[in-house]
Amino acid sequence: MSLDKTTGLLKKAREWWTTKIIDIRPGIIRIKGTPIQDLIGNVSYAHMVWLMTRDDQPTPEQAALLEAALVSAVDHGPQAPSIAISRMAVTCGLPLNGAMASAINVLDDVHGGAGEQCLELFNRIARHPAGLSMDDTVTAVLDEYVAEHGKIIPGYGHRFHPVDPRAIRLLALVDAAAKQGVVRGRYADIGRAVEAALAQRASSKLPMNIDGATAVVYGELGFEPAMARGLFILSRSVGILAHAWEQKQQGGRIKGPMPPDIDYTYTGA
Amino acid sequence: MSLDKTTGLLKKAREWWTTKIIDIRPGIIRIKGTPIQDLIGNVSYAHMVWLMTRDDQPTPEQAALLEAALVSAVDHGPQAPSIAISRMAVTCGLPLNGAMASAINVLDDVHGGAGEQCLELFNRIARHPAGLSMDDTVTAVLDEYVAEHGKIIPGYGHRFHPVDPRAIRLLALVDAAAKQGVVRGRYADIGRAVEAALAQRASSKLPMNIDGATAVVYGELGFEPAMARGLFILSRSVGILAHAWEQKQQGGRIKGPMPPDIDYTYTGA
Amino acid sequence: MSLDKTTGLLKKAREWWTTKIIDIRPGIIRIKGTPIQDLIGNVSYAHMVWLMTRDDQPTPEQAALLEAALVSAVDHGPQAPSIAISRMAVTCGLPLNGAMASAINVLDDVHGGAGEQCLELFNRIARHPAGLSMDDTVTAVLDEYVAEHGKIIPGYGHRFHPVDPRAIRLLALVDAAAKQGVVRGRYADIGRAVEAALAQRASSKLPMNIDGATAVVYGELGFEPAMARGLFILSRSVGILAHAWEQKQQGGRIKGPMPPDIDYTYTGA
Amino acid sequence: MSLDKTTGLLKKAREWWTTKIIDIRPGIIRIKGTPIQDLIGNVSYAHMVWLMTRDDQPTPEQAALLEAALVSAVDHGPQAPSIAISRMAVTCGLPLNGAMASAINVLDDVHGGAGEQCLELFNRIARHPAGLSMDDTVTAVLDEYVAEHGKIIPGYGHRFHPVDPRAIRLLALVDAAAKQGVVRGRYADIGRAVEAALAQRASSKLPMNIDGATAVVYGELGFEPAMARGLFILSRSVGILAHAWEQKQQGGRIKGPMPPDIDYTYTGA
């Protein structure tokens, strides 16, 4: 093969994996241009998440708001399939990485996608052509949304909690941040307008839940909707790890979903 | 069935999933006894990780040291299989949760277990019966370890970095924390003694790497070895997410490990 | 709690996991009503797949056609991300189950969904309101499809093979089965009509590939489109297992996608 | 860079992924040297599994025995964590590939490793230095095994079935194959000798279960122990797929392990 041809192939190989995130040379690791040793001990985990996934950097106040959201969704106990799967996996012999993988995998559209879907809904409202009042905009967008996706509005209502204490706290933090000029408060307004509109429509109240409240936070901070799912995963991973670890210490072998004494129903072929 | 029998079965069902981590009732979520709304915005992500996985709580200084370790290992670029898999997965159509699951799963004994193995080694040295000097203890334990596990000492040496900048920085933070009485500094001593012993044994230098340095941090903070793997996963998950997200924005379909122009070698049946 | 209440709760628990697939009692395992011991040694793997996933049973000839499709897609070498991931996972320390899980996970919409998408396309043609010739129906449905999904037609064309030898063989088996009355041959007709229509449209030829040919087989046998993905997974799992096993025997630690000597491109922050 | 250097790097890249399993060139796919089109429709799925994972080929009778084992372990209902996880995953929004991945992942040492461990035990007996009777060999090896691994003997006893109907059937098939000279019958002898030894030791009977019986089959056919896990996965994947598919048709959202009306026990911080 000619030098031109081999050089061309090698160039292709080198360019097959390109990234703007990290530059590694012997003895050197730079994250978005900053040597890793200048970040370790100087920035928070939340700051690092922001730096790694975006082209800008947060102020300390913005990082703090992101951190509050990351703390809020860590766990919802073993009735959440992600948590139950993590615990079951450990009793099958899996180490923590395997248990976490099987569990994180199920944080898909239905179990882990509500924040992303809610932020998409908020963005649709935020980018609606001007000329309508907020209430009329919300009404128009909700009508569209229900026509496309059905009645379940992501981010509102909870099958277990009549009021979600996490949402209330997060919204209060957003309000405080808005007062200090850390964020604009526009997504908090949108989130509350949707809540008000749903209160008029639904037979039962549908207050904002954790997915709605984190969507407000991520919207205020300028994250893309898809990242709302990614950030939720970083948050819930803490609970998934903690429950795997607790189960490992409890012991147990090949744990099914219910005690073996309760026989499972076969409904006939 | 009698009331006794049904009550007994129900009791078994209720007790099938027991946890000391979280208590959930309608409108109430308590983490280790503290209402979630009192944690959101008041504790850091690192503090929350500690609270969820242990029976005690960190001081702010301890949480800061943990946070430094969580920041240190977020990424090592696409030459790390975990990062490459995350990127490849996205080009196969997976959403962020699926890409993260396939990638986190491979943080197993070899790719993600060195911190855990290193902390086990450190603990063996720390718990060695008294009577020997540190140097003699390290020599004795290393001899044992090599006899059991072979020549690779987890936490030391790096196939790419002659010196690991992350390790140097983390050790400096541990030293500073030891001076302030935040930690005892015992694991830093052990880690350095192992490094010195290896320098005498090996033909080439084997300086402490990121896994060794995080094992020092986790040892100082009192984490169990298995948790070193879990904490590494929380750290590396940030890089896994960031690369999945970057790949998604780059596009690409069914990305193999090398450009398709480079033909793969078949070695004959 | 009253007997009524406890009985009601227990009933709910029993009914939480209901299935028509399997009935298990001490010493007894029935699959769709047949004792497992009457199946073992009497039916083929393909027959068992059919029995487990459908409400009917195959004739031996139908099972043989299904088996041919399951054999056809077992492997496409390490340039397929699923195969590469399986091999990389083993070098990270994962056992076969973990390697297979990380790999199977990526058989998603893009890498593993073409058979499903192609069968949906075929079904749209098959169920098109009568009144048009096959050619006109195909033209109408393809126009619709391109408008909705863009130019890539699942099941046709291959970036590596100008002609896919697996597709030719599978079509020949379907033709033979149609002659013997095992299948109707309707999906073979549709598949060929689509191929002919694409030949007229595309600048380059787009012959039927493995996904198109298996979609023909699964369509002839009456499988739902979603099951085309499931059946592909059962097939490709063989290759994923074989490559994990070969890599395990080859050894290797923390294998990246390319040799470490080829440096990866960093494109600047 | 010089031609020598670039050629050397390219050679390394080409050799980075080497395999004896498959050779792919434009229009050509060879499995262990045989064109894929000569296998499709001519060999069974079980034959293909053998061909892909070994250096030899099965006789039709050997392939049939392998197929019987692959059929035997497809399912054990939703009390098996692998099956429950598959079903739960679908209600979280995962497609079939994702549900199968999360479920297959948990077929680890405890839930999916008994066949492998049992075959290792059988091999230890088979390779025991000559000079002892079978009974004395079994006694010696079991004593060793219990000393190393504890009282649980993989492949014997079942927490649900007093007698495992699958094991009885598989052993009968092995006996028949031994009579016809398809296999030697040596592993069947070993398996029964272990069963007899355990009957003398244990307070309750510990008859051979599915893992023991498949270990007999795989041992007779010359598979390595690690492959016993791989083959079990191919078998159980059928059930995992079938239950995912059934759950998808049943519907359900974010299905926890037990009905939400049964409250989970929190045991206090």
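The chains carry the letters A, B, C and D, assigned in the order they are written, with residues numbered from 1 in each.
We take it that contacts are C-beta pairs under 8 Å (C-beta built on N, C-alpha and C of every residue); 3 or more make two chains touch, one makes a residue touch a chain.
Note that the structure is a prediction, hence the values are computed from the model and not measured.
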item: Identity of the chain that, by mean CA position, is farthest from chain D; value: A
item: CA centroid of chain A to CA centroid of chain C, Å; value: 31
item: Inter-centroid spacing, chain D versus chain C (mean Cα positions, whole Å); value: 21
item: Rounded Å distance between chain B and chain C, as computed from the means of their C-alpha atoms; value: 37
item: For chain C, residues contacting two or more additional chains; value: 9-10, 13, 16-20, 22, 24, 77-79, 84, 94, 98, 101-102, 105-109, 112-113, 160, 257-258, 262, 264
item: Graph class of chain-chain contacts, one of line, ring, star, complete, other; value: complete
item: List of chain C residues in touch with chain D within their complex; value: 9, 12-13, 16-22, 24, 26-29, 31, 35-37, 39-41, 43-46, 48-49, 52-53, 64, 67-68, 70-72, 74-79, 84, 87, 95-98, 100-102, 104-109, 112-113, 160-166, 168-170, 173, 226-227, 229-230, 233-234, 237-239, 241-246, 248, 250, 258-259, 261-262
item: Chain B residues within the chain C interface of the complex; value: 1-3, 6-7, 9-10, 13, 77-82, 84-85, 88-89, 91-94, 98, 101-103, 105-113, 159-160, 253-258, 260, 264
item: Complex interface listing, chain B residues touching chain D; value: 10, 13-20, 22-24, 32-33, 94, 98, 101-102, 105, 257-258, 262-269
